[in-house]
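Pasting the structures in now, so scroll down.
What follows is subunit A paired twice: with subunit B in the first complex and subunit C in the second.
Now for the complex of A and B:
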């Protein structure tokens, strides 16, 4: 097994997959992604942006860990009235998914190979431009080899959120590539839940036209043995609004990359994340790259991590303000709460600014629970454990507040409370 | 520059600031060169040159071997490319690695014997006459009028130290302050023990190069329990063309001692870029304290970005003892390219590291500077205050590391880095690395980037200041935190520099 692992080369594997020319409309984009990947090469622990996270686990074909088959648990958003798109072991399941009968939205699956497709010009388009100044080889690998995904085109008003649910029955690897295009003035709330696969690589390309509105809330939960690399790419046009929130509770290795390009004036982008990590096998990495390329845009990054029992949290964030992107308002905060002495927090919050009329700030803090606050609560008759939980929840609140849909926000708070109470059992 | 005679000093605007701005005459003040007969080693770098430098300094064999070891390593490694600076490739073979005024071959014994040109150089640089005499190497009496604030100076002219003042008085206190070449000869046991112990020859490309070819520099040893009776200062001057300056400073503060050390540097205006790669090592033992202040004013290149000094410097302090303390203060206004990260290794329990920096870049200057605070000892503390100001087409980057080792329980760091942008063609960047590996430590990092506030400018303008003066005043206010940390001698100079460096950046 060990030997096989060493010989496994994701690039060669992608080449052999594309040899058959059977990918229909996406074949061309996949081939060009493979060329990109070959020229940048696979990520390496010595690369600047992989300094704190070892990508080795993401590059083997070895699947360890058990499949999480608890389907009840997988859907965090069961209470939300949403249109469901269900993947099982990385494959889209039309029979389990809801039907969409509306002129305002079109939903297709990536694995459908027609010859002409609206997504043809979008597939891989944002990933292609995401490689400078920092290469994202795993995203290029995804574009080349994605096995499935959804293509959502929002053309008018839809009254319900869409939920992408990933179920597992067997130990599996999944490479999913979604495309979301929201027409001018339209809105979409997208929820994501479930474990999807034991080894996961996803790319979501989000195209927001003028005045479009996108809210994304996802949970990555419950499977301790998962290794995952996820990417969100978005191009945000004039007056559009992008929001994304991720809750991560488990996983040996999770790398969430978010690459946003604010290309239209007066647009808004908020990215937030809360992660609660327990144990030496928890390694969670948020890598966010926001480029301001238009006037008077606002961006916000809010990342909170609670770590205990040897967990590792990584945050790498960057605000890049290009020349001419005046009146930029950029904000970034990354904070960690270390509940014990074994856990660690590694951060690299960057600013790169080429325009002068901007207000950009970032902050990063790390420390233990405030003993005074703890004492205050204890003096009011609250047990030390409960007081710690209250303060932890309060610490994570700033990130959770980024969720606009209050109903969804409450579900996330419940999830976090459940995680906190696990210690007591 | 408008006349200041008409400006009444208002309450709240301190006289010093007004004076500073008033003194600003031209652009770079120290751009002239001294026409003095020089002695060069042949151009280029190979083992023979390394041996030659060692020979010129009359070094013992162990030192020559140490240099050669560094040189062998340097040949095998590559120049680092990770910093956010761009410059044409340096041809390391097209440089002189050793240059000294011919008259310094034999140390002069009296004022009459000193090359008058050397004297004139220091006169022009504004170093007082009394010291100048001593600087020129005259072994004269060292009495200074009572009440006058004394600063002992070691002056380095291209590759050699031309003289160190107040040696006698320092000797009475037990302090050793001399050029490093002299220390290698006179105090080999100290040099052997400490040289390369903080910045090893394997440290980085430029430090390795420096280890191989350093020609001179300063050496300071403060014995246990001694508070150095005066401030020590080194003045670096690059004069010769196509010559790299590689100086090495070694400061050892033994148990319970204290020293404040100042460093200044200038160079003539030239069209071609010149290389400067220095190494500063500081060892701080139990209860000792070292204050290291730099005003770096190397020639920054002209308005179009031609010439200037490439300043690649490795500075590191090792706080080895319990309660040891080090404080770096730097005002970086010169150099075409700066690559400099004065760092603190906080090994001792309750040790303290502080870093205060103002980096000003204008025209086509580029600076990538910051610090590293490596916390290893329990209850260690560090504080970083960095102010970056960028104007013209300049790029200014703060790059820093704060690392809390698992052992460094209950340690504390506070970092604040602010950037100010003047003009829409320049850049200001922040690249902090934060690594926290225990939970009893607290780390805080804050950074902001903004432009000079229009309201503040408007206020100054309506009080009769022209735009440039107003910007200088606002910028001085922005830098106040750092300027206050400077010793008196430097604070004034630094304020002036802040104004000079920004000249021409408005309008």
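Now for the complex of A and C:
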């Protein structure tokens, strides 16, 4: 058994899966993803984009984490009136999920095979084009092997956010692939919460037509043993707006990649993340690649990490401004608050610009808590722990402020406060 | 109220003695002023009183209403009734002024075993006390001291003092960086807090603040010690003749 695990090869495993199961309409896309994966190969610690994060944990079939079975804790957005889609250990739970009856939206599952499907031309389409100049092998692996996922086509007005909730009952691995397509002028707020699985590989491909509006808020909760690789891909057309925010706490290894292509003039893309890491086993990696390929687009990357007790944070963020993408407004900031000497933050900001009329700025800082501010708060009677929490929240604020929905933003702030204060008990 | 005995303090990093035996007693209801040239140890005294790190007390004691505060953390000293109005109030981006005020008020209440203040009572009190210091709603909403002018920062200190209702108030060069009008406003705020149960220690370079906050006792500090104490006339003497006369007289 031990030997088998050592020799586990995700590519071979994907091959046999595809041979043994016909996945209906997505079969072809899966087969071509497998060919891509075979040619680019699996990620390796020696690869440029895996230098700071060792992918080995993501490539075994060895599950050593414990399942997080606290279902109440899993749903950070319990107070939000949302349409719920619930997975447990990577398996869809129709009895727990809400029904959708509207002409304005169609929601299907990847696991529904059938022959013809609206998502057929979209499945893997953005992942396919994401491998140059940087390969995304785990995304290709996902396209080839995803067991399920949510396919959302927004065609008109919908009044509620959609919540994808991932519960856990047992130790399990999950590979989910979501497709979001938003028609011209339509909007969607998508919330994601829960741990989903002990080992998770998620891909979300988001297609925004002209003037479409997408807001995504995700929490990756307090499950200590999580090993996760996630990818968000989006193609953003004229005047469309993409926003994504992720809150992460704990976890052994989390790699969140976001690959955005601003392909229509005057579109906007903001991606933000706040993470709170405690302990040597915490490793959180945000890898972002934003391509400006149209005129007068705006992009913002705001990533904040609070690290203590030997935690590690990684940020790799790139803005690529293609020839002709004039009037680009690109902003990138990555900052860490190191609460002790043992924690580390590794940042690699990159700009590559081929147009001459652009404004791009980037900054990266690592700092300790401001002792002057801490003393000031304490001198007013606030305990050192509470004062530290206040300053930590203040540090994370710029990322949290990226959330447009104020109700959701308040929930996130409360969640962070709760996580911070629980540490003290 | 406040009793300081033979206080000797070193800078932690460089084993250099800054305070060389300070003796001072402030009774409830009294305003004491400490004047002195640059580097005499006035600000160090205020920091040591409030519990700032970086100072090593090698000798002596500080007692506030029968409690030895040298053993207390800064937040415990605050809950015991000590308040320092900073010479340079700290800017704290991301923390709203109101949130800060309410957290501080409630933290002190909790430490004293009292009930938290209700949101409506708190709002009412803040509005009332802020308006007498000409602090508008906009300033209350902004992050603590961020983008405040020098005068606004000092008024914000006095607002905190008014909300926390301390027993012993230390004002560290509250007049620095203020024009005459701003100084009058701050002094008015301080005077409105004067009562029989509260002591004040006003640290300043110049006599002019003491025109507006009338002291009962004036101390002259030099080279880490209080070298002379007297009535308000001592401050006038400094104003007219500078420190050198007094210092040569006591030397």
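FYI, the second predicted complex is superposed on the first by the 422 of 425 C-alpha atoms of A that agree within 3 Å, B and C clash if a C-alpha of one lies under 4 Å from a C-alpha of the other, contacts with A are read in each partner's own complex, and residues count from 1 in each chain.
Everything below uses one rule, namely that a contact is a pair of C-beta atoms (placed from the backbone, for glycine too) under 8 Å apart; a residue touches a chain by one contact, two chains touch by 3 or more.
Predicted, not measured: the structure shown is a model, and the values here were computed from it.
Undergrad: Are subunit B and subunit C a fit on subunit A, or do they clash, once the structures share the same frame?
TA: fit
Undergrad: Just subunit B (first), just subunit C (second), both, or neither: which does A:347 touch?
TA: Touch status of A:347: first partner only.
Undergrad: Quick one: classify A:409 as touching subunit B (first), subunit C (second), both or neither.
TA: After superposition on chain A, A:409 lies in contact with neither partner.
Undergrad: According to the stated criteria, A:56 is in contact with first (subunit B), second (subunit C), both, or neither; which is it?
TA: A:56 contacts neither subunit B nor subunit C.
Undergrad: Who contacts more of subunit A, subunit B or subunit C?
TA: B
Undergrad: Per the contact definition in the header, classify A:339: touching subunit B only (first), subunit C only (second), both, or neither.
TA: first
Undergrad: Does subunit B (first) or subunit C (second) touch A:48, or do both, or does neither?
TA: In the superposition, A:48 touches subunit B alone.
Undergrad: Nearest CA pair across subunit B and subunit C in the overlay: distance in Å?
TA: 14
Undergrad: Show me the subunit A residues, by the header's touch rule, that subunit B contacts in one structure and subunit C contacts in the other.
TA: On subunit A, no residue contacts both subunit B in one structure and subunit C in the other.
Undergrad: Name, in rising order, each residue of subunit B that touches subunit A in their complex.
TA: So the residues of subunit B in touch with subunit A come to 82, 84, 404, 406, 409, 419, 421-451.
Undergrad: Going by the contact rule at the top, pick out the subunit C residues touching subunit A in the complex.
TA: Residue list for subunit C touching subunit A: 50-53, 73-75, 77-79, 83-84, 86, 89-95, 99-100, 103-105, 107-108, 111, 143, 160, 164.
Undergrad: What part of subunit A is in contact with subunit B in the complex they form?
TA: Touch list, subunit A to subunit B: 48, 323-324, 326, 336, 338-341, 343-368.
Undergrad: With touch defined as at the start, can you tell me which subunit A residues reach subunit C in the complex?
TA: 370-373, 375-384, 386-387, 390-391, 393-395, 397-398
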